[in-house]
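After this come two complexes, each holding chain A, first together with chain B and then together with chain C.
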Partner chain A sequence: MNWKVLSIKSIRFFKVGRILKDKLHSSWMFVSFIIVLLLPFLLGIGLFLKSNLIIKEESLLQLLFSSQWHPMKGEFGFLPFIISSLWVTVLSILICGPICLFSAIHLTHYAKRGMLKIMHPVIDILAGIPSVIYGVWGIILIVPFISRLGASLGHPNSGYTILTGAIVLSVMIIPFILNILIEVINTVPQELEEASLSLGATKWETIKKVILKKSFPGIISAFGLGISRAFGETIAVLMVVGNVVKIPKGVFQPGYPLPSLIANNYGEMLSIPMYDSALMFAALILFVVVTAFNIGSRYLIIYSERRI
Partner chain B sequence: MKRKVLQKTEEIFTRFLMVFSTSIIVSALLLIIVSILYKGLPSLSWEMITQIPKGGYYFGKEGGILNAIVGSLYLATGSTILGLIISLPLALYINIHKAKNSKLVNFIRFLLDILWGIPSIVYGAFGFTVMIYFGMRTSLLAGIITVTLFIIPIMVRSMDEVMKTVPKGLLESALSLGSTRSETAYKVVFRQSIPGIVTAVLLAFGRGIGDAAAVLFTAGYTDYIPNALNQPAATLPLAIFFQLSSPIPEVQNRAYAAAVVLTIIILIISVSSRIVSNKFKQRRIK
Partner chain C sequence: MINGTKIKVEHLNLHIGKEHILKDINLVIPEKQLTVILGPSGCGKTTLLKSFNRLTDLNPDVKISGHIFNGDEDILHPKTEITQLRKKMGLLSQSPYPLPMSIFDNITYGLKISGRRKKKFLIRRVENYLRQVSLWEEVKDRLKDPASALSIGQQQRLCLARGLAVDPEIILADEPTSALDPVSSKDIEEMFLKLKQRYTIVVVTHILRQARRIADYVIFMYLGEVIEHGPAEQIFEHPQHEMTKAYLKGAYN
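The block that comes next holds the complex of A and B.
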């Protein structure tokens, strides 16, 4: 009798234990869900509060469009950095865009199995290499190359230029863009391709007029995501781009992109008034631009997938 | 007829461009690895990876980069564990608890993709402001927390990609046998998606070890191996970066050697993630 009661009790206890465990697990899951949900807003608010000081002091327009950068005198004009960032980003996309597009078509429609077996690890490893390694590579190989190229073209330079940064950056974002492009091109339904081929179009015509046309929004958004990745890249660019505060006027001149500004000056930012606020403002610009590009591109992908 | 010829030449030309582009990508990887090894191997020595910097190290005297190697491993391990504690429950949560609420799940995926895209220097700057706000100094802990923040989206999204493919029937049969949702999560879905989780962990570990911008502000730099969470820690990428900006050739050569060490660690991670995930894949229920 007693034994029976005990066993029922223990069963009940066991049951309660299981439910309790479920409750505990579920609530921890919920907590982690909330953390991630809040993270982007915390990021934005934190950076905004910190850079609010300087926005109050000087007008937003002056910060963004003045090229006077004298932290000691309290003059903060971000134009040289913004222009440098734009140069490097746009150039790198121009360099790697066509390469990625052609290679993505190759890998999705022409390559044999063996080729794909090689290319998957290649893309993975390229994506995994840390940016500082890209920077070292840039210093070893690209800097001397650009220096010689510039000299032979009549633009003598040290090799640490906008173009160097763009080349290093373009190799860095290749795996990123390529992966998205392959995914995007693969979402085009096979039937469309077959229909086009059965109507007598050649393979290239099919690709050009059916597949590329159908996946056009996806391709644009892949480049958009690439731009946002390139815009925020720090160490690799910092190592090869020259870091001179001046509005660059050509690809063979040194530049000073926004991420490099933040990374280079974090050491002294607490010793000069308003400097930390200015650097946080730079981080805020990065955050806003990158997030805007990301949201736009992701939305375009979702939209185009829905249409197919 | 003429049109045919034109078409043919266009096709041949573009096929040439395609092969050319793909070979550029392959050769870029080869160039990176070969040039790093070529520059770095001559100055890589046993004492470099087993000693911490000694007096005058930054003027070309004796010592090694053990402080940076250990610091990086601490940092990456700590943030991977911390990241796993948050990411795994979240990935399970959106795939089991909220599986029916597809709008919410899609929103979370969208949000994670956005978070993934935010550059690590922004996380670093954010980590720094929070650190200053709480009156903390640069330390291993601050570094770990900052790196955790930016590897969470990477981990959740890559686990999520695998958990999505777990058959619905499996989930339903587990629930219908009377298991609670968290039991289903950890005993069925978790086991099914181990290959994806292992890949996610290794991916995050690689990111943690290779990132420089986020730890630049938060982890600091030191010549000693940290033995507590509140001490600053050196990291391998920063060791490379600082030594390379020195004007002394011996110190620069050591930076190249350190780059070899980092590259080898990354290659090991990449290869092992491939092997491990292939091994686990064979045991999955389809």
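The block that comes next holds the complex of A and C.
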């Protein structure tokens, strides 16, 4: 055999081996990517199949808009839970939104640089505290405070109210929102700030008209993430919100958000017919709302990015 | 060739932290001419330029001493009204940074800040300044589009127009063509040559050929010091200092 031919053959073989490896590795990555991609769909489909029973039994409209919750009689109206969830979420964002935004602006544009270095560990600590601890803190501090506040405002209450839940929740989501906000505002190039200043703008005008505008898509995604977290947060809210099945008429009334419903009853009340399916339906609502919210804020991000 | 003096710098020293960036700078910038600050990268050209409109204030580590006079007004004096000062100096940065708004709003941004809000006035101004930078024909049908949709060269001309719109006395340009293609660079250079009849222009560059093309007056800097400054012909034809000669021969490039 000719040596030259042999060596060419072995080179070919070697090459084929490398190409094979290349294909193999890229297919691994593709499979992992597909798994991640499919997860939410699998979750959604699973929840849907499990709650299918109750959706078939009663109309979707009935389930979503009836406030009659009598599982023993087979009546499942989710409105009180949905309204409670909305109350708590919206209120918590209203409480922490301005705080997060202003402290992010302060940290990135007014405070000394060292402050950011101090703030980062603080934020990480806040984010890392288990939610049950926030719940306990809520019971010890916020519940009596709200009880007294309500009484002085003419709304006597036990302290276990929508407002209590919202306050605890807002403290819990501050680190997540703040972290992203700082990141987002910091990525606005300094040259843009200089451009605005050199046109005679003051610092505040620059922040308001240029920096916040430029980081608007990022700000939306920060709050989007915060809202998604708030909507699904369970334990801490459950501990302070009162858990009374009634449509809350004000912030000093107790509520019963969807996650609390699931956490309180799953595994205990399952002897009641349809209850299992009803809780799955609650989970499905959570899932759909959070997903819809994510998609909505993504759309808003893309839309506003196109405008700047 | 030198008429009046527009800016006069006396004993300017600037430190960032412990680093001595600008060392005892003394120079004059002639009025309504094109002055080029020339020198290799990292010699403090940009810092000098930014101290003219006090953008150096943005960095809290900067310590600055000495005087920069614009007429009788000491720019570095702590009581100088900084927004008024900056309005007198249009800034053009290395690559264009259009404000996150429409083409129209980019031009009117400075005007609106100074309280000019009449729609008719603004529309006239926008056309006027866009014409001055030869951008009007290209964008007149899409003034409401975001400025970021323009090409880089167009963006840089927009940034120039935006600076002109606040009616400055001085245009500060920090390597304004370094991100642009040759055609857009030429556009900008030609605009400068036109604009210097009405404005004092200071251009920072490290490109020798560009300096030769456009400069009336040259300031040569090296490692934070002004080595030599004078009218362009004098610097280019009869440089006094060894370092200037070496740079002109291309030793540092």
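Assume the second predicted complex is superposed on the first by the 261 of 308 C-alpha atoms of A that agree within 3 Å, B and C clash if a C-alpha of one lies under 4 Å from a C-alpha of the other, contacts with A are read in each partner's own complex, and residues count from 1 in each chain.
Rule of thumb we're sticking to: contacts are C-beta pairs under 8 Å (C-beta built on N, C-alpha and C of every residue); 3 or more make two chains touch, one makes a residue touch a chain.
Everything numeric in this text was worked out from a predicted model, so none of it was measured.
Novice: Now for A:Glu205: first (chain B), second (chain C), both, or neither, which partner does it touch?
Specialist: Both partners, chain B and chain C.
Novice: Where does A:Ile247 make contact in the superposed view: on chain B (first), on chain C (second), on both, or on neither?
Specialist: neither
Novice: In the overlaid three-chain picture, which partner chain does A:Ser196 touch, first (chain B) or second (chain C), both, or neither?
Specialist: second
Novice: Pick one for A:Lys214: touches chain B only (first), chain C only (second), both, or neither.
Specialist: In the superposition, A:Lys214 contacts chain C only.
Novice: According to the contact criterion defined above, which of chain B and chain C contacts more residues of chain A?
Specialist: B
Novice: Is A:Thr291 in contact with chain B, with chain C, with both, or with neither (first, second, both, neither)?
Specialist: In the superposition, A:Thr291 contacts chain B only.
Novice: Pick one for A:Val90: touches chain B only (first), chain C only (second), both, or neither.
Specialist: In the superposition, A:Val90 touches no partner, neither chain B nor chain C.
Novice: Applying the document's definition of touch, where does A:Met29 land relative to chain B and chain C: first, second, both, or neither?
Specialist: Touch partner of A:Met29: chain B, not chain C.
Novice: Which holds for A:Pro98: it touches chain B only (first), chain C only (second), both, or neither?
Specialist: Only chain B; A:Pro98 stays clear of chain C.
Novice: Could you tell me which stretches of chain A are touched by chain B in one complex and by chain C in the other?
Specialist: 202, 205
Novice: Which chain A residues qualify as touching chain B in the complex?
Specialist: 18-19, 21-22, 24-26, 28-30, 32-33, 35-37, 39-40, 42-43, 46-47, 50, 98-103, 105-107, 110-111, 115, 118-119, 121-126, 128-137, 139-141, 171, 174, 178, 202-205, 225, 228-229, 231-235, 239, 259, 262-263, 266, 279-280, 283, 286-287, 290-291, 293-295, 298, 302
Novice: Could you list, by residue number, the parts of chain B that touch chain A in their complex?
Specialist: 7, 10-11, 14-15, 17-22, 24-26, 28-29, 31-32, 35-36, 39, 85-87, 89-90, 92-94, 97, 108, 110-115, 117-126, 128-130, 149, 152-153, 156, 180-183, 185-186, 203, 206, 209-213, 216-217, 237, 240-241, 244, 255-256, 259, 262-263, 266-267, 269-270, 274
Novice: In their shared complex, at which residues does chain A touch chain C?
Specialist: Contact set of chain A toward chain C: 112-113, 189-202, 205, 209-210, 213-214, 306-308.
Novice: Within the complex, which stretch of chain C touches chain A?
Specialist: Touch residues, chain C against chain A: 50, 53, 55, 58, 60, 83-84, 86-87, 89-91, 93-95, 97, 99-101, 109-110, 113-114, 146, 148, 159, 162-163, 166, 172.
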